[in-house]
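Taking it in order: structure first as structure tokens, then the write-up.
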Amino acid sequence: MTTVGVGMVGYAFMGRAHSQAWRSVGPFFDPPVRPEMVALAGRTEENVRAAAAELGWASAETDWKRLLRRDDIGLIDICTPGDGHAEIAIAALDAGKHVLCEKPLANTVAEAEAMAAAAARAQARGVRSMVGFNYRRVPAVTLAHKLVTDGRIGAVRHVRAQYLQDWLTDPDAPWTWRMDRDRAGSGALGDIGAHIIDTAQFIAGDTLAGVSALTETFVAERPRPDGAGRGRVTVDDAALFIGRTSRGATASFEATRVAAGRKNSLRIEVNGTSGSLAFDLESMNELWFHDGGEDAETAGFRRILVTEPEHPYAGAWWPPGHVLGYEHTFTHQIADLLAAIGEGTDPRPSFADGLQVQRVLAAVQESAERGSGWTSVGGSEHVGGGEHVGGGEHVSSSVERSAG
Amino acid sequence: MTTVGVGMVGYAFMGRAHSQAWRSVGPFFDPPVRPEMVALAGRTEENVRAAAAELGWASAETDWKRLLRRDDIGLIDICTPGDGHAEIAIAALDAGKHVLCEKPLANTVAEAEAMAAAAARAQARGVRSMVGFNYRRVPAVTLAHKLVTDGRIGAVRHVRAQYLQDWLTDPDAPWTWRMDRDRAGSGALGDIGAHIIDTAQFIAGDTLAGVSALTETFVAERPRPDGAGRGRVTVDDAALFIGRTSRGATASFEATRVAAGRKNSLRIEVNGTSGSLAFDLESMNELWFHDGGEDAETAGFRRILVTEPEHPYAGAWWPPGHVLGYEHTFTHQIADLLAAIGEGTDPRPSFADGLQVQRVLAAVQESAERGSGWTSVGGSEHVGGGEHVGGGEHVSSSVERSAG
Amino acid sequence: MTTVGVGMVGYAFMGRAHSQAWRSVGPFFDPPVRPEMVALAGRTEENVRAAAAELGWASAETDWKRLLRRDDIGLIDICTPGDGHAEIAIAALDAGKHVLCEKPLANTVAEAEAMAAAAARAQARGVRSMVGFNYRRVPAVTLAHKLVTDGRIGAVRHVRAQYLQDWLTDPDAPWTWRMDRDRAGSGALGDIGAHIIDTAQFIAGDTLAGVSALTETFVAERPRPDGAGRGRVTVDDAALFIGRTSRGATASFEATRVAAGRKNSLRIEVNGTSGSLAFDLESMNELWFHDGGEDAETAGFRRILVTEPEHPYAGAWWPPGHVLGYEHTFTHQIADLLAAIGEGTDPRPSFADGLQVQRVLAAVQESAERGSGWTSVGGSEHVGGGEHVGGGEHVSSSVERSAG
Amino acid sequence: MTTVGVGMVGYAFMGRAHSQAWRSVGPFFDPPVRPEMVALAGRTEENVRAAAAELGWASAETDWKRLLRRDDIGLIDICTPGDGHAEIAIAALDAGKHVLCEKPLANTVAEAEAMAAAAARAQARGVRSMVGFNYRRVPAVTLAHKLVTDGRIGAVRHVRAQYLQDWLTDPDAPWTWRMDRDRAGSGALGDIGAHIIDTAQFIAGDTLAGVSALTETFVAERPRPDGAGRGRVTVDDAALFIGRTSRGATASFEATRVAAGRKNSLRIEVNGTSGSLAFDLESMNELWFHDGGEDAETAGFRRILVTEPEHPYAGAWWPPGHVLGYEHTFTHQIADLLAAIGEGTDPRPSFADGLQVQRVLAAVQESAERGSGWTSVGGSEHVGGGEHVGGGEHVSSSVERSAG
């Protein structure tokens, strides 16, 4: 059995989620390349040792660069904040290590371009890279993508996406580095807006070509957690845009952290010439599908419970009807990455996909700063279907196109 | 018992709906002024006579101007297409007749301004006018407005509205005058977009101050119903915009007639500083309410079945739990109009409210034509709560403000 | 145009609902026989005159027997409490008047048998009779019946029905005659249980053959509204039973007036060998349909919005997507009755259908009194599809069978 | 850090689910006693070795009795079919090993009584035992139990539970040992009916005192998977009963494997004197709560997304709004078991609780065989709240009562 040693950088929220996925992928997906949880890297020795023990990593390092020099490590999993992604990922790829990098790919387009270039160089040597837009691996989302690819809703005319959270509704919710533009890049836009941009484009099989946007900060200052006065909020609480896709669909997007009562409501609806699909992450095991070919007497949106053996990933877990949760998406992501490594193919979403999302974020930001003026999304990318989806089975996708 | 003679112009879809309301308002609402269905006006004598007999009107006229000369008529109900509204309404008001005018108020801002001026003149003489944005009188919508007015969700930060229909999804759906800009003014924008603009502003107690918009026509030509080739579609199939309100909330709006599978999905959500409300016309007896003051253990959106005696209008109809339908909104509208006439007050939505909606439509159209550039909504209006809502009881509202 | 003069007895809740239906049936359904609202009968002259004026009846009578002697009346509509049904209906039928009788048909099986016998006698002379189980005419229910009749779910295996209300949850809700067994017959069982028995049997196209039941009274005494102490509650607050149908399906039924928070939740689900249907009156414009023939990848319950021209009754009202309410069911009922009179056929539900429901109620009561012992449903009836459903179109049904 | 060595018997579906839980409990719940996955026992050496390697067990045994003799094992986890539970559990307890036994506790009341007796003996020596009714540990279910215990819905009047599956709808679904009464005990009744009995009693804080039941087998023979003709089905496809609880609530239960389109629909609703709760396992992260104390204007069922730090278990996993899946219930179960071992208390559901469920199953079976006659539930048990729920925090429960 082939194996690959894994070194992970970072062990906060994302590091915990990835660790659970590394522990789970073997028993449920039987990947062609088995992962070994070799080392965890962090800054403070005591903490990283404790975390490694708790999360199942065999060793700990206090400098991520040491992971690149170890021969027993073939894959680097980057779970640090976004401003550290570029340095680690480029170094790892250049060192010949496969890379899984958390989203967003970077904080700036320039960083993302450098990363995509490094990924292209590495690819020529058989080194794989992937960006962690995990919601592509919600079975209902993967199924939605497949149904669009299969032509079940025809040509997409409308894309409608919202990501509504409420944890900043209270003006006394404390200030954190996430409210500082220098460190976080943006607010709701990059944090959760990036997710709906990638997920909606993935489902629609299309890319945003231009946008008109606005952003808003409702609470200008927030109390510092240390009690030392109030910190300035220099990022958006909410970001909205309308736009057009490369293929001519209209788009409407909204990301906010101040939608009272909405905990994690990522909603996407696409309307095509012969059908529609709708999804809400708060009910993540369901996909709503309208088949335009149904007779009028019994036509309606179907609530598909995406838990059957015929559905992506679901068959690898439990019997029919047993629902999955948030963390399973990370296991699916790793299963597809390992399958790609085993087969010598390139996994999706690629660093190029991550760069394209970064360009959309930049266009949104630019439009908002220019009074909502129409702003084209720069560059030209391939986006679309992952190569490896579906619990070991391939959901082939020839969706390759250029963003105008 | 005081009575008022009613003359109605037009007897298509809207005329049928209004006739049902004129027949029903007496038994259920016991208005202070009882309506008498005196005369129906239309162009073709045979047809208008048949319609009058079927719909319960005592007489028929083939020229609407004759209604204005009849002493037994004190109220004109205008149910013609939008391009005829201004002439009839202004003449009726100047003749001292109360006027109920279907929405949209007019096809252009200029017409709407003239109508609002006529209404102001008439008001000085105790003559009342009202524009038929009937969805304000869905009990769940009226309740939503009341909860916002009562401060139950705090200050509104987000307004999110969609009106999704699908009857033009099929490219072979036939061409009608509604696809001709000269006659219809606009497409989805004026037809259904006007509804969500008025209804969302009513709920939020706020007005749109500026927008950035785009429109799209997916099917450029449609077969003429007479088989004589294809007609050009010169209006929008879909219109989207983002915007800001006078009080600083963000807004996201979309109106479309090509959302496959969505029959009549008018959805509005408003998020405030201390709560949220959500509504969908396809489930029009329900209002979803999140009270930000609930303890975290049991907080959640409540599904309020708006059918209780404590709810607007509902108590006038049936026992608790018995749902109402689309047409009831017209009966509520007339009940409130008759109450205003009886009390000598001005009903809402006023012609000034209708003009304000017209200005939003014009700003959307202008922005879309200028490449989505930011466009301020012209004028300065009072909008907000109707004076007479709630099945005879007043839901008072002091919501009076200026649109920037 | 043929007409029929109508005389109605009673003008409380049901009388108001029927009056609205008599006023509405003409404009919307264009029945072959046009109704004329000739006279309303009640006991107290002043009250009945006022009610007649308000509800649109041309004259008033203080003795229902006078209605039978009038030549301008051909149809008697009985809206009195159940203990008066038998006398009026039998006299009217014997006098050659068509009869529409509110549900339940009677308070006892003996009365119902006498009424069914009178209906059979009258039928031989071309006189029609119908019992007012109006929920058969909710478009979603009629559609469910049609889909079962069309074989879309195969043979029915499970019938599951609940009618949950909450207006007696509060122990201080006042005592009324409805809590007195001598006058009301039973409590939740006859009041709302009768509805789910008829509606579920109608949808399933099958009849209950035997039951095992229990009833419960949670509040033994309630305050008299006149303040004169407390009245004894001698009827059930809730009734539950399991059973088997004539064709071998299992059945589970529950009717209660003390389900806190449930206002009018009449829920029916039927599972067949190749599909399922589900309905909830609180969302009465929706029918949920699972087609067992769908491929596993996209199978799911469809939410059919029953508002399209292809659906029963809906096309007679408004454009697609516009919802109906509770009262429309009465208009549909009358439309079908008038169509039957015009065509010389027998409408359903017949008095025989009403008798069959009465027998189920009696079996439930008997089982509950005998410690839940299995109790066969007496008699042998034909039940099933109405002859006239669907807004003028026939939904033919050959569902004729015997209850074991 | 204290540890406990675990030996597991069986590695089919349940064994896989338990293994995932043993792997996950440490990182997320930090239990006072850390589990070590010492050995897996099965019959066939090759298979059990492969399974142990895949599922994370350090060694393999081909005889479960060897687990009892190992000093490095302190806890036996029984994941075999029900007919083997009694022998293993009693031997393990007598050998001083803590025991976690899958549900149902046994196939007969006699076996369950012997097991409960063994548990009582062991308890005196500080040895703990628990039966695996994992749905008690769905956070929404645990919260429902807590809200009832806290008095938030008052005294329970109605319990309504359904467990609907459809995997035997097709008459050509193959015969398995689960259709053989000698081996499986019963069909839907013991398999999924046991779940709703335990879960509903847990939520209601009450026990079934008597029942009236019927069972049905729709498909009498099924094709053997080996092609050797057809096997007889000697268990129920569906089981229904009505009943009364010890405290006087009514109960309605239905379990079926032939409800077309229902994949895993475990629905429970309880109505109390001052509120109601509703749950559906297909949407397992949601709890619906009606608070009878809300004012009528805004009263309604709240959809609580049970994913917040204030909710049972949820805080141990991910940030607010991130949903859990089926398998998490097993991790919660083990977390509570380890907490009990660490604190020297007795976990719930106990073997006595499992015996009580067995007695309900026996009463249902007996009633169904006696023509639905009323049948008292034998014995007298304590049931109710688990001692350890809530992600490490105690949800104390003094709910202790006797079943009549």
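Per-chain numbering from 1; labels A, B, C and D assigned in written order.
We take it that contacts are C-beta pairs under 8 Å (C-beta built on N, C-alpha and C of every residue); 3 or more make two chains touch, one makes a residue touch a chain.
The model shown is predicted, which means the values in this text are computed figures rather than measured ones.
**Student:** With chain centres set to the mean of the C-alpha atoms, which chain is at the far end from chain D?
**Tutor:** B
**Student:** With contacts counted as defined, which of the two, A-B or A-C, has more C-beta pairs across the interface?
**Tutor:** A-B
**Student:** For chain A and chain B, let me know how many angstrom lie between their CA-based centres, rounded off.
**Tutor:** So the centroids are 42 Å from each other.
**Student:** Nearest whole angstrom, what separates the Cα centre of chain A from the Cα centre of chain C?
**Tutor:** Measuring from centre to centre gives 54 Å for this pair.
**Student:** Check each residue of chain A and list the ones that touch at least two other chains.
**Tutor:** 299-301, 305, 308
**Student:** Mind listing the chain C positions that touch chain D in their complex?
**Tutor:** Touching chain D from chain C are residues 153, 157-158, 160, 162, 164, 166, 169, 171, 212-214, 216, 218, 238, 240-242, 244, 248, 250, 252, 254, 256, 258-262, 271-276, 290, 292, 299-301, 371-374.
**Student:** Which residues of chain B touch chain C once you look at their complex with the stated criterion?
**Tutor:** Touching chain C: residues 13, 16-17, 19-20, 23-24, 26-27, 30, 54-56, 165, 167, 263-265, 281-285, 305, 307-308, 317-328 of chain B.
**Student:** Which residues of chain B touch chain D once you look at their complex with the stated criterion?
**Tutor:** Residue positions touching the partner: 143, 147, 152, 289, 291, 294-305, 308-311.
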